[in-house]
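One chain, subunit A, appears in both complexes that follow, with subunit B as partner in the first and subunit C in the second.
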Partner chain A sequence: MAKIVVVTSGKGGVGKTTTSAAFASGLALRGYRTVVIDFDVGLRNLDLIMGCERRVVYDLVNVIQGEAKLQQALIRDKRCESLYVLPTSQTRDKDALTTEGVTAIMDELRKEFDYIVCDSPAGIESGALMALYHADEAIVVTNPEVSSVRDSDRILGILAARSRRAEQGEEPVKEHLLLTRYSPKRVEGGEMLSLEDVKELLHTPLLGVIPESEVILQASNQGIPAVHMDHSDVAEAYKDMVARFLGEERPLRFVQPVKVGFFKRLFGG
Partner chain B sequence: MANPPASSAETGAPLRLSGGVFTLSILHLESADPRQLAQRITEERQRHPAAADFHRHAPIVLDLSAIPEEAPLALAEILQVLRAADWFPVGLRNAAPRHQALAQEQHLPILRGQERGIAPHSQPEASPVLAPIAQGSLLIDHPIRGGQRSYARGGDLICLAAVNAGAEIMADGNIHVYGPLRGRALAGVNGQEEARIFCANLEAELVSVAGLYRTLETNHPLWGQAAQIYSRDEQLHIIPLNL
Partner chain C sequence: MSLLDYFLGSRKKSAHVAKDRLKLILAHERSDGGPDFLPALQEELLAVIGKYIPVDKENIKVTMERRGDFEVLELNVLFPDQR
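Our next item is the complex of A and B:
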């Protein structure tokens, strides 16, 4: 049975799309048939991060409005055989999504895929509600700062009240916390909330910690999901996170400041 | 031009607008027929003259939850009947959208709280309830998150987990919070002045008992500690919870 996973946060710019791309790619690398859907109608970033923006012909809104078949809108990823991207429209607005239309698409995708990853827009309006409505599990992306934690708390409440599972009285959506842009050095300096602070504030099981890194910027500019940035902290952290999601045990990495050696400090890195 | 009397307008002081909490009587309208209402009021007053006396000149809120949306509502006549009965109608609640428009014509405000049969979408996100303990009491065993509201109508609210910033918990009775209390807690919301708030870790944004309220800053002497909050002589007291 296919699992629907929403990547959400409430706040913008915390790394939802980066995470959606890396997570979906990570699942596909493990051999799962995966599709990642961009719900951010009107802004359309996922296809850029996935490096398939020039192959977008039809999109989510076309399918919902019956102008294209689902198969026509799905784009196969160029790196992973079993990964597909369902891009969104840049010319429509969020009201183009209808509950019935999204439900129909989910039902059809469920037959074909193991995992359906929904990249939610920021905010708590209709687009975000559509993205989380069908979710079986949720990855709440949070930055180690107060406003991001506050918004994540809000979206966790909405997940518990407004998802399909909540409305139909089923088992609640399984929640995961992903801490992104984590800089152990800045935590040590008191500029950022620590991992423990965030865990204490949100009471949500931790799926992983993604370190703050320039590699993310390089990856998104080149249209490469971060999990493919070999030999980088970020790729390793995303692989750990996927492994934990699949039920494997992995120790937390990249949460301690890097010790700079005496010579390196003396002569520069 | 004659000199106007010295006023605060001259001194440039802003208008004084402040908040207040009032207890108002609510009249549940049984039918949309004004004549029937008049008759019911007369009957009732003959039966309980003392109560009638007590309610004379009372401000009153009209609850329309029993009036179906499509029913024609002669609001102007109904208001006349109420005024003739020495009541002062001050607002409507639970009015259907069509009736809300009528209220506007009569310059009557729509009061909030307890909404009428609404689509599940427009509801505030209610927290799932674990189990009722006593009548009206509410036991919650999971964090109450920002934006969520929980209300123990007619009883105590007991929360075994955190009440996060931006969340609001309310009870007609007492409130007990065993996780950190970071949101707002309002006890005795229907006017019960003996209600208290007990918490293991006071970091609340606002605490209130029977309409008396105060906000808290991080420099409060009991910040982060076990505390109880109660009202006495129109004053809110926050004291350590020494057990």
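Our next item is the complex of A and C:
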């Protein structure tokens, strides 16, 4: 049975698309048939992060409006066999996504895939609601920063009230917290909320912590999902997070400040 | 933070301030603020009750609060003294 997972946050710029790309790629690396869908109509970006922007022919809205078949719009990832990308449209028509249209696409994808990852737009308007509506599980991406934490709290409330599962009185959406742009050094210095603080404020189980890293920009520059940036902290942190999502136990890594030795401090390196 | 502050320990760490502020605002937004429909609900209840008993707008209060796993909708109506 396919599982639908929404990657959401309320606030923009916290790492939803980066996480969607890395998480979907991580699931595919583990052998699952995975599709990742961009729900940010008008502001297409997942294609760039996945590095398939030049292969977009048809998009989500084309499929909903019957101008293309779903198979024509799905782009096969060049790194993972079992991963497909469904790009969004660049149209400025806000109502291009319809509930019926999205439901029909989900029903069709459910037959072909193990995991359907929905990359939500920022905000709490129709695009974001559409992205979370069908979710079985939700990954709430949060930065250790006041406005992001507050917006995540809002989104958690919306997940509990406006999802299909909530409306139909089914078991609620399973919520996970993913802390991104975490800087252990600043946490130690008392100038950044700690993971314990955020966990306590949001009452949501922690799926992982992605450290602040320059590798994220290098990855997006090249259109490579962060999980493929071999030997980097972020790739390892994303792989851990995928493993935990699949039910494996993994200790948290990259949450302690790196100790710089005396000689390294002296000579650099 | 200057070295002097460090030794005097005078200034509160900013992460601590952030946590305290968030604790307050999240608690407020989860309960006191209540859902968007409360004012409308209050208006309509006032109209219905007012059909049978004259009540002042100030004497009717609708609140919603969370108690553990439950949400409690509380309706308080103060009837005028009829004697």
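Note that the second predicted complex is superposed on the first by the 266 of 269 C-alpha atoms of A that agree within 3 Å, B and C clash if a C-alpha of one lies under 4 Å from a C-alpha of the other, contacts with A are read in each partner's own complex, and residues count from 1 in each chain.
As a working rule, contacts are C-beta pairs under 8 Å (C-beta built on N, C-alpha and C of every residue); 3 or more make two chains touch, one makes a residue touch a chain.
Bear in mind that the values here come from a model prediction, so they are computed numbers and not experimental data.
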{"item": "First, second, both or neither for A:Arg162, with subunit B first and subunit C second", "value": "first"}
{"item": "Touching partner for A:Asp107 - first (subunit B), second (subunit C), both, neither", "value": "neither"}
{"item": "First, second, both or neither for A:Glu67, with subunit B first and subunit C second", "value": "neither"}
{"item": "Contacts of A:Val187 with subunit B and subunit C, given as first, second, both or neither", "value": "second"}
{"item": "Touched partner set for A:Asp197, first subunit B, second subunit C, both or neither", "value": "second"}
{"item": "Touching partner for A:Asp95 - first (subunit B), second (subunit C), both, neither", "value": "neither"}
{"item": "Contact residues common to both interfaces of subunit A (with subunit B and with subunit C)", "value": "150, 153-154, 157, 201"}
{"item": "Residues of subunit C touching subunit A in the complex", "value": "13-16, 18-19, 21-23, 25-26, 29-30"}
{"item": "Complex contact set, residues of subunit A against subunit B", "value": "150, 153-154, 156-158, 160-162, 166-167, 172, 201-203"}
{"item": "Complex interface listing, subunit B residues touching subunit A", "value": "120-121, 125-128, 142-148, 161-162, 164-167"}
{"item": "Residues of subunit A that touch subunit C when the two form their complex", "value": "145-146, 149-150, 153-154, 157, 187, 189-194, 197, 201"}
